[in-house]
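Listed below are the structures to be examined.
Next come two complexes, and both contain chain A; in the first it sits with chain B, in the second with chain C.
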Partner chain A sequence: MAGQSNHELSLFSAEELEFIAEDEIVDIVPNLKMDPLCLVSGDFGPFTPQIVTQVPLWLAIALKRRGKCSIVPPQWMSVEKLTQVLEEERDSQEMSEHLPFHYVEISRLLFDHARDNIPDAYMVRSLIEDIRDVRFHKVETDLEGFNGFTIAVKIKNLSAMEVNIVRPFIGRALQAFYKHDSPELIPDPERVSERRPQVAQNAPRRQLRR
Partner chain B sequence: MFLSQIVSVIFKKEASGVGIDPSSEADFIEVDSKVELPFWLAHELQLRQAVSVNVPPCFNQKTRLEIQADCASVDIRSRCPYFYEFGCKIAPIVGDRTIGVLLLSAFKNRYKEILTKAHTAAIAAGSKFWTILTNEEINLYETAQSAMASFKKWRMGGPRFQIASILGRKRKPAE
Partner chain C sequence: MASRSVDGEQSTQAEDDYNAMLSTTDVELLKRAWRNEKAAPEILPFQSDLIARVREQIELMEETVEEKSTVGTDPLSVSLYQMDLDRTLFLLRSYLRIRILKIEKYMFHIRKTEELWNRLSKDEKFFTERCSDDLKKHLEESVLSKLPENYQSYERQSIISEEDDMIPEPRLDTFVLCRSKDYLTGIQLGDGPVDDRSKLFEMEAGVLYFICYKSIKPLVESGKIELLMMTQN
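Presenting the complex of A and B:
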């Protein structure tokens, strides 16, 4: 499952999630002329100066680092949209559906590599932090509802990073619940009384010796 | 491990030539004598119907009442660091069905506390809380903390395109 990261509970590391998020498609405005790139994941381009084109995030960042393009921040990453989402998150216990699955990773990558392309970068960043906090708090409240009868938990629109943070905890907690709720622990008196004489018959009588 | 937890047992058969009980004068254990043994030995003897196992003090009535009253702040660790594991093993042996219910309800209530504290509180602030958890709960707490810590580390770290160590190395001159 998870590549190099540790853990018996198959946890992705944050870096691995970031790597996965780099396959998301973003808009860029190139400033060079280049033929289409034919890659395993598809063909991208052709690249013409000032003409918007779509590429995977990793390619956008590579071009950006060489000064060959500017990245168009995704629609959801505007102050207006994020304020809406934040309000929505605060108002209801449901997770907002207006954020992409990899919003934490994408925003981090864009802030690291294309900060100058994001209008009101500071504001956008703090909004995303706030949204993340509100959402995480909701996840915690949802998880508090766990009891011995829980076999699964349903949280809609949870993002990759959020689920990754709570995954090891939930895994262990559910294991513990399962273990303590298993019927063997609360044995049927009849079944136990059936079992005991059997053991007695088979067990040889022995004197204890030093 | 919980195998070496001490449990008190009552012998149902005579046993000679055993030095289990250091306080006894004779090298002999009478029927109905009460002896404290490690759990693994008690279990084996119980299978052979040589002893009957008493309910250990960490599952007695007093502890139960405390757990029912204020589960989250009971210091279970000092009673038995392997509370849950030990409980699972001992329940069928002493034939007490209520231990299972007790374990489940204890875990259910304490779980919430661990959930909120593990993902938010700093480790220093949680130190008092830390001392009352059983081993299983500590594992759970640490799992959550380490997941959160590694996320925070990732979020704080600057841009990094790592160069594989093999590429960074200078080529050695051919010998």
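Presenting the complex of A and C:
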């Protein structure tokens, strides 16, 4: 189960993001017969061998671990689709809109638990990694455009994990601009404590200082 | 999420129904409340009705699981029910815990600000009272009573302070990540007279923005803007 990230209230831990992503719906092909499940989070099933049904990812993984189903990978997780997305990402400074918000977490969970259900798993994995790299590089270059007039930042098609990585940086940067712009704000000890780096990724910070 | 199913049309229909249902379940609402609470610098109104309903559902489900395991239902489905229950319990606990963290941090401020005080549940009020009384007593007994008379208040640095400068307050000028369901316009950024700084700002639907919490506070309270991240639409 996801861990609490209580140091910095407004940050989501990677586990919490995974927890949220586990509610995404996937198709599974069960190989057992089971009555419908009437859960707090919704009704799922009935489960009949070889008949496709839709369940949240956590349920799919639970069944898969017990060998009770195979998971149908989502459409965007095919070599063909991902190659397209990668090209798109490389061609334009805009973020592609063809990936789900939780693509990092979903693909990671599927690789960990249902690798044998993903055709060309090796290719798919390396494509997703390439896409991540390209996208992150774009975020970094976008951040160089920051200046004192930035008062709000618009983020289009950024995924959950990417948002989480840049959040501490953007938040602090905007806050610094805001603070230097408002001389009436006196520094207090709390502000100092917030300055400690939260996320291992501090690449964007270096980018900006140049 | 993309789905491939045996019968195309039927499955889209089912999916639509399914999505509509998902967006209204109490668990989904609880998840939204949880994300907002986690993201907002100050304490938000306690979702008393929602929490009462979720608690009820959890109790019911606990009974069901109990019953199923004694009757000897398929252990697999029992464990799935249990997992679902655990997930909901996690959300509920995490929600309550974030609120308690905020209360512990800002108890004096919450206690003296009526607007914030009214946002607490009955139990939280009780907790805040006990907690702040104890802390006050502790501060007074261990340090303040030994200081010169002018410096004995737990609220102020000294009696010449003009305001309660020793009470931690949440920082509302912090930046949060948010997303609006509809197109919004005329949001005022920054305060003071309308100059370059306080341009009116517009928000496109569904796009993520980093923005100063203070300027969108009323919109968060009215539910027009959701903080932080949403799962897929």
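Please note the rule applied: the second predicted complex is superposed on the first by the 175 of 210 C-alpha atoms of A that agree within 3 Å, B and C clash if a C-alpha of one lies under 4 Å from a C-alpha of the other, contacts with A are read in each partner's own complex, and residues count from 1 in each chain.
Note that in this section a contact is a pair of C-beta atoms (placed from the backbone, for glycine too) under 8 Å apart; a residue touches a chain by one contact, two chains touch by 3 or more.
None of these values were measured; they are calculated from a predicted model.
Asker: Between chain B and chain C, whom does A:P46 touch in the aligned arrangement: first, second, both, or neither?
Answerer: neither
Asker: Considering only the touch criterion stated at the top, classify A:H102 as touching first (chain B), second (chain C), both, or neither.
Answerer: second
Asker: A:R167 in the overlay: touching chain B, chain C, both, or neither? Say first, second, both or neither.
Answerer: In the superposition, A:R167 contacts both chain B and chain C.
Asker: Under the stated touch criterion, which partner chain does A:A14 make contact with: chain B (first), chain C (second), both, or neither?
Answerer: first
Asker: Which holds for A:L143: it touches chain B only (first), chain C only (second), both, or neither?
Answerer: After superposing on A, A:L143 lies in contact with chain B but is clear of chain C.
Asker: I'd like to know which partner A:P119 touches here: chain B for first, chain C for second, both or neither.
Answerer: Neither partner.
Asker: Once the structures are superposed on A, label A:D181 by its partner contacts, choosing first (chain B), second (chain C), both or neither.
Answerer: both
Asker: Could you figure out whether chain B or chain C reaches more residues of chain A?
Answerer: C
Asker: In the superposed arrangement, which partner chain does A:L59 touch: chain B (first), chain C (second), both, or neither?
Answerer: The answer is second: A:L59 touches chain C but not chain B.
Asker: Between chain B and chain C, which residues of chain A are contacted by each of them?
Answerer: Overlap of chain B and chain C footprints on chain A: residues 9, 167, 181, 185.
Asker: Applying the document's contact rule, which stretches of chain B touch chain A when the two form their complex?
Answerer: Checking each residue of chain B against chain A gives 15-19, 47-50, 84, 88, 91-92, 95, 97, 99-101, 103-104, 107-108, 111-112, 115-116, 118-119, 136, 139-140, 143-144, 146-148, 150-151, 153-155, 158-159.
Asker: Contact residues on chain A for chain C in the complex?
Answerer: Going through chain A, the ones touching chain C are 1-2, 4, 6, 9-10, 12, 17, 19-27, 32, 34-35, 37, 39-42, 51-52, 54, 58-59, 62-63, 66, 68, 72, 74-76, 100-102, 149, 151-156, 158, 160, 163, 167, 170-171, 174-175, 178, 181-182, 185, 190.
Asker: Could you list, by residue number, the parts of chain C that touch chain A in their complex?
Answerer: Touching chain A: residues 1-6, 14-15, 18, 21-22, 25-28, 31, 38-41, 54, 57-58, 61, 74, 76-77, 79-81, 83-88, 90, 94, 97-98, 101-102, 168, 171, 173-177, 189-190, 196-197, 199, 201, 204, 207-212, 228-232 of chain C.
Asker: Would you mind writing out the residues of chain A in touch with chain B in their complex?
Answerer: The contact residues of chain A facing chain B are 9, 11, 13-15, 18, 108, 112-113, 136, 140, 143-144, 146-148, 161, 164-169, 172-173, 176-177, 179-181, 184-187, 189, 192, 199-200, 203, 206-210.
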